[in-house]
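Sharing a structure with you now.
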């Protein structure tokens, strides 16, 4: 029987727990909102992805509470199968059934379409507020900020049909993040998102109005850096708006 | 003699200390404002509840400083009875007398009326400010936010006369939290609150104007998640108000 | 030779270090701004007071870096006398000379006039901003807030000539904190402050315009609670002002 | 072979890691934005400087990831030379090439022109927002604030041609920080900065518009204190602006 876990600090299941604690302190995930998924890019099977469970205190996650899937969409392991369930989290009632994050189909879709190494989903208030301040827009755009350099320059390689990273954005260039409308069920976002990913080959994130943001990258460290930079820019944009400063400098 | 304490990290007396430290960092409780009470739902007597003491540094609480009560309203144990009092908290003068939180009758009332597993009371500035921005209203209402999904859908079962959780709110539904006026003595809030609980079977929280909020749930983890989600929505609502965005979307 | 230090976590020299770290995280003290002084009220000589040094990273203080004084105003011990100075703080150049906080005369004055057990001085931006928003006023006043209950009700006992605590403020009562103007030298504040303490027997704090706040209490835990409550109320007052809500409710 | 590392907590390579973690929590550096450089002023060769690498998670830096240079501008050691590279950071792909911070020439320039002991570069939103609120100005100026006292009074000694610290600013004096425009490449800032350093002998920091701030001092502890005080004043200035309070009091 394969083990999906390891003591190594950088194993995906351990990193998800570690980063969820850090993101909780950053107000990006709350007890039940938001989540992280990591693909085991350096492991024996790079199509294996780890996904945080739904409805669990994000700052108290444990590695064995993870779901494990194989791309494109097979669930390999559920924490409910674990004989040793009470060990997983003593906070839960004995009859508790783990569920994967509601955004799991959406995460898998991003892995499949973008060959991503990790996907981060936050309910950051900077993301949510920005989609309401600019409620009539379908894109969030900002330019002339040093922090923009942290973001990747992506391009569709028309020969291979894949999106490739060809460098970083320059600080005077415009970062564009598409905004899609929220849906009653998180599962229903998948179609809209798929369409948007195809329409915006340069995007490394999608804002969901009155909901939050999905950010991905070639590995978890890149995804984390993109998420930090985008959240910084969203926060700054809101302050600029409140001080009457336009986001786009001609 | 029964012991009311245990080394188990999830024992109510230990969890109250742990979460008070976390809530202090979140600015929900201060040195003396706010508090937590947990019912020993998985213990030998599920009518036993633990209540934090009043006037003690919330981020430095120790398990043996808790009061223990039995529902509906008997005090079983006071930290003043402890022979080993100096061990409880070396911060206190020798003649210090512990008092239970002033909101104890109110907490017990919520346990009795709602069959709750835990009650959280915070002085969060988001709660206090919202009750002043909307000073003329008796309800705080917001809809069309993903975070609303974290909250329970409650309904009065007319056969049993009990409030039952029948699912979660949907993101387009309206979360309603009643607002009651503050009283000079915290004890006097109990009558108003009892009335309000009966009038609002769907509520899992009550705002107290210029004071704070009481949030409850079927166990401490649910109460914590509800409190996080409500505080997030109150904070967001204030930012929406400051940016001219209505809280209710038609 | 008397030792001014101890391993006990609640010894004044240890508590100053511990609380300075906590206050640094709360943004009340910075590398060199603000400070804490504690009187050894439970020690062999209750007129001994410990005072943090000036110009030292507040979040990295060590117990042996404290100055020790005896009321009314004798310096008993300076960290410069320590033979083992390099052990005190390896961060300092070999020829570094410790100086007590510039507000030391002011601290001693508060101890002498109010029989205080501890004095806290912060550069909290809530305090500084409030003194500028209400630049033309000589008092900061707010009422009808639950948090006001954390503050003491003080009265001059005309027989003994001492200020006595006769209870706590009620939530509908008005908290009054006098505001004095800043002076080029911190030492020069002492006269103004002395005058103000006599004029305001009910005050447990004084705001210094464009500078910060001094808060005191019968012991360090009370002083800490008063400081937390006042800072909370100053922060709330600024938000109320920005939302057009008057601080005084008729 | 010389070792550039040590177990001592105050060794430059260790301090950079320690302070980057602290600055990450203060929101001054993010995953890849900002950085710290420290000169080994107390070491065998006081012209040796340590520089954080570029593009590495700032809150997870390890000492052996540092670049080491000798003033005026020779690189002595790169983390890429380390045979034991995988030990440095298990987060990195095997073929990862470390690069020194893009602002390295700028850091070296500050060391050479100002005889500094440490340089801090942050992307603090207070710095960035201030340069946009006052987009048409070439200087940030504020006076009559107690926190100004934390900053050095610097003067050109016309005999030696060196900038010397002759004391601290007084609280009624005006702190002046020049603002330079950002450039597409961080390397290109060096010329503008050199010019500005010569024009402003009294400055201990330079703001870069829509980018961040560079702060230096005679050693890392002073640089840290100056950075904290300046960031405090920038944050306060933005709040003053939003409340209609002028930064300069006549």
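As written, the chain order gives the labels A, B, C and D, with residue 1 at the start of each chain.
Just so we're on the same page, a residue touches a chain if its C-beta (ideal position, glycine included) is under 8 Å from a C-beta of that chain, and two chains touch if they have at least 3 such contacts.
Here's who's who by UniProt: A, B, C, D = Methylthioribulose-1-phosphate dehydratase.
Just so it is clear, the model here is predicted, and its values are computed rather than measured.
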Labels of chains that are neighbours to chain B and to chain C: none
Residue-number overlap at the chain A/chain B interface, same or different (half cut): different
Rotation angle superposing chain A onto its copy chain D by C-alpha atoms, nearest 5 degrees: 90
Centre-to-centre distance between chain B and chain A (centres being mean Cα positions), rounded to whole Å: 32
Inter-chain centre distance, chain B versus chain D - centres from mean C-alpha coordinates, in Å: 45
Residues of chain A engaged with two or more neighbouring chains: 242
Residues of chain D that touch chain C when the two form their complex: 8-10, 42, 144-147, 150, 170-172, 219, 221, 224-225, 228-229, 232, 235-236, 239-240, 242-243, 245
Chain D residues within the chain A interface of the complex: 30-33, 57, 90-91, 93, 123, 125, 128-129, 132-133, 135, 182, 184, 208, 210-212, 241-242
